[in-house]
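Chains here go by letter, A, B, C and D, matching the order in which they are written, and residues are numbered from 1 within each.
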Amino acid sequence: MLTKGQVVVHESLGDEKHKLKRLVLKGPIARTAQAGQFVAIQVQDSSISSFDPLLRRPISLAGISSENDEITLLYRVQGRGTEILARAKEGEALSIMGPLGHGFSLPEAGELWLVAGGIGIFPLYPLALSALSKGLTVRLFWGGENQSFLESAGLSSWEKLGIPLYLSTLDGSLGQKGLVTEQINDQLRQMSLSSSQIWAAACGPKKMMQAVTEICKNVKVPIEVSLEERMGCAVGACLGCVCTLIDETGAKVHKKVCQDGPVFRGEEVVWDESC
Amino acid sequence: MLTKGQVVVHESLGDEKHKLKRLVLKGPIARTAQAGQFVAIQVQDSSISSFDPLLRRPISLAGISSENDEITLLYRVQGRGTEILARAKEGEALSIMGPLGHGFSLPEAGELWLVAGGIGIFPLYPLALSALSKGLTVRLFWGGENQSFLESAGLSSWEKLGIPLYLSTLDGSLGQKGLVTEQINDQLRQMSLSSSQIWAAACGPKKMMQAVTEICKNVKVPIEVSLEERMGCAVGACLGCVCTLIDETGAKVHKKVCQDGPVFRGEEVVWDESC
Amino acid sequence: MNPVNLSTQFAGITLRNPLITCSGTYGFGEEYTSYCPLEALGGITLKGITPLPRLGNPVPRLAETPAGLLNAVGLENPGLDEFIQSYLPKIRKLPTAAIANISGFSLEDYVQLARALQKDSGLAALEVNISCPNVKHGGMHFGTDPQSAQEVIAAVKAETDLPVIAKLSPNVTDIVGMARAVQLGGADAISLINTLLGMHIDIYQQRPVLANTFGGLSGPAIRPVAVRMVWQVFQAVDLPIIGMGGITTWQDAVEFMLAGATAISIGTGNFVNPQAPLEILQGIKEYCEERGLASVRDLVGLAHHDR
Amino acid sequence: MNPVNLSTQFAGITLRNPLITCSGTYGFGEEYTSYCPLEALGGITLKGITPLPRLGNPVPRLAETPAGLLNAVGLENPGLDEFIQSYLPKIRKLPTAAIANISGFSLEDYVQLARALQKDSGLAALEVNISCPNVKHGGMHFGTDPQSAQEVIAAVKAETDLPVIAKLSPNVTDIVGMARAVQLGGADAISLINTLLGMHIDIYQQRPVLANTFGGLSGPAIRPVAVRMVWQVFQAVDLPIIGMGGITTWQDAVEFMLAGATAISIGTGNFVNPQAPLEILQGIKEYCEERGLASVRDLVGLAHHDR
């Protein structure tokens, strides 16, 4: 679907130093969207025909409100494109393609372990909401730079969910000092639950997702990870965004992050290909 | 001078259908500027590094207020560049080079006849003000599409000056029906004044300026015209904007509209060169 | 006022309108259907295929540049057999003309592909992508040497009864010489242009952004070069031209037709605006209507006339 | 921290920093002084001169394209005599290195220009613009034929004691071949790149925008092509390179140096931001500082190293 999303809210998210933004857009996309899917957004009001920057930017759905016909995008100002996007004012209309790709699956029962690194937290929130509304137990493992980052990136909304949160920061300013993987290992060790009742979903830096996948493999926890790749078309037509997976026969195959993903089964991902 | 002009006022000028805009910018340019000079303005807030559109746009100074450090630009939304410029909001800072080029000269005494076609009126207003403050007599000949256009493009400010106005419109909805040249011929015929006391200054479509120059030549009235050409550098460095003049020896020479002009003596201009 | 006749016919190809999509940017036709119905298009050009399946280059395969896009997909494709078995049956059913795009690394590759794709395949034409290195001749590109280009086209022409479109590379000193060569080879039409060779360096990582180092530059940035080549070839060679390179708006499309393109093709523009083909078609139609032109074909080469 | 050493020396040319401005975009040095003091620049390249004065092409000479600029100035210049009499005395006094840019339409033109411009002229070097048609050889451009290019450079080299920089045209199949040719001709350095040949059509007037039909494409749009050519020539030919083509920000400048440019030159970027050279210099300095590099020369070709 190609729609014009009207900017309803566009504000800084938390402390400005983290350059995080919250963008709420009005439009019909919410009706069919799923946690883990994304949109491809044009960073300039489409009434301007400027071709620099040229491409749309992929941003995950961080909030899906079909009652209000609203989607929320949370993003970090990164380079030129997101800088220009950050200037969009309330009332402007931004061209969005979406919802795109395949989102996370939800287990029928048991526990859902969410694992986030940095701004990888954003697409996990709607997933948590879906899981909770389905009656699943949810835990969040989340690692970030420091307390200020975690608070800026939405910690309080997570606290309101009343689920167990395992936080890590690089500097120890909040939660455990270190990496999110250590927290997961700790929990696995302490846990009474059989790992067969656990599903995991991870989003964050590739290295983190790879490490978490490794852990999950060892304890036979199925895990889904959300990959990122530079995109051209965002619909599977240009083969710009491929990643390498191992198929059932053990052969390396290419999948398109935009169309076949961005969510894939962690065990299938070939991490060491530059993907 | 390269400065950031802060947008103080940006509004439609008159009826929106004529796509005219009034842009007032705060900045030190006014201090040294002269009627007939122009600025080269970047159409996007320079905090965005977009290279499409790439070039600055030349716009004449339509108001110069050195007391307030303000300049006024009046422009018509024409293509992509001015469309984007039209979106600049109050408080934004636009990069401007200027004042550029050489403006109109003022006679020491006598009458100044201003001749404008369409939006060629814009740079003539500060010229009228200078002339009046010097004690010169000023008349305006102005031709436009119709009454609505003339009113939108600032007729009432001209009426406030209390000078004789000879208006023409293509459809006769205001003033005389027809071209501005007919009005000039009428006045020349009726006039008691010796033509040696008259100076003319014209701005508008090339065809009009050429015709007015022809008339002035016949009655030996010196005339200055303001030329337009596509510009690259706007400072005389790229040779993109040349026009052809006849020099004292009768030879054809190239002059740069941006640096040697935009104002030239009408008799010197070679109109039939594609300039 | 009579409606503008949008249909166009050239080189034995009949299209309901002159709007095509570019090879490599429109998959095998099914990816964009929810944005732009195939019924609206004159035709689509399929992703380039090779005799054997190819995994293509590692990622990153894309880099954005000012008003442009660099790609180094590396001809990832399922290979000829899989194309025929799994893709062709679906392609035959598409409600628009489908042009196959064939690539090779030796003359034999092209021959093999051409032999397998005949009129009975349901395809409308073969577009021969000659912007590939000839591995048997030290990697010299077919598309930069007039003689190799002529040979490839002649070989393809000899093998297939489909109309043959030669797709030229712009990375040459003399595009007209290349066009003449493929005309001698028997090409029925010419596609202009493929991508310009470019690269982008990540200054923080201090290495090329693309895993492949080099990539092909497409998008609005290259339009002036593409229009120039269409113009030059139109003047020198009497073959219909499919114009492409940066077309994103209807004004761009009209520019290519005025320069001499009989049909026009949209590539990177689809990424910017997946409804670009619809808007372009509408724009062309209105442009013709406003000028009282009975047929889009009346636009072709109009800017060459002295006035 | 020691300050970064910005000065650079190559091909017998010494510059206070690697920042030059491009021929044809910076007049004869006096036009931009109120925006960018010449003291800040490593050098400037002067507008191209020919033996006889030239009025150049009619207007329009410029057309804007996506992230690019087409120009068809047509080498308007005062001619050699006037250059020497009226311009050179002022140029000698400029507080920066001045590189003359010479153009010709025959071998003799280049010879005449080279003979007249020696070290005692106060110039720092001669840049030889070979992107001109050779009128004696059917209009074939010197810059697209390796042999002619080699001859021109050799002839110039034989006539002047100034360092000779060969400025290459990008409109060729094989830029490395051209670079090798001018190296054989004796060039001391290579400027890369001149403009890409392009055009733009006014769809309302239905004719080319430029009076000359074709023009040279410059600006950010061509940067990926320019960086690619600098990269290729750096790998193949052992001559210092002056990189240019779309440099507008300091990041662009660093990209060219990492690709292999010893110095970089700013053309169209001046039009966009007349203080671009100052900002670029500052950016390069800070980039080096942050990485603890003692000299800008340490950046040259860095992206070629495997890591």
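The rule is simple: a residue touches a chain if its C-beta (ideal position, glycine included) is under 8 Å from a C-beta of that chain, and two chains touch if they have at least 3 such contacts.
It should be emphasised that the depicted structure is a prediction, and the values quoted were computed from it without experimental measurement.
When the partners of chain A are compared with those of chain B, the chains appearing in both lists are C, D. Most remote chain with respect to chain C, judged by CA-atom centres, is B. In terms of C-beta pairs in contact, the better-connected of the chain pairs A-D and B-D is B-D. The geometric centre of chain B is 47 Å away from that of chain C, both derived from CA atoms. As a whole-number value, the distance joining the C-alpha centres of chain A and chain C reads 36 Å. Multi-chain contact residues of chain C (touching two or more other chains) are listed as 65-68, 219-221. Residue positions 49, 51-53 of chain A are each in touch with at least two other chains.
If each chain is drawn as a node and touching chains are joined, the picture has every node linked to every other.
Looking at the complex, you find that chain D touches chain B at residues 24-27, 31-32, 34-35, 47, 55-56, 58-69, 71, 73, 76, 211, 219-221, 248-249, 268, 270-275. The touching residues of chain A, when paired with chain C in their complex, are 1-2, 42, 49, 51-56, 95, 97, 229-243, 252, 254, 259, 273-275.
Against chain B, in their complex, chain A makes its touches with residues 44-45, 48-53, 80, 83-84, 87, 89. Those residues of chain D whose C-beta lies close enough to touch chain A in the complex are 66-67, 220.
For chain C in complex with chain D, the touching residues are 65-68, 70, 144, 171-174, 196-201, 203, 206-208, 213-215, 217, 219-225, 227-228, 231, 246, 251, 254-255, 258-259, 287, 302-303, 305, 307.
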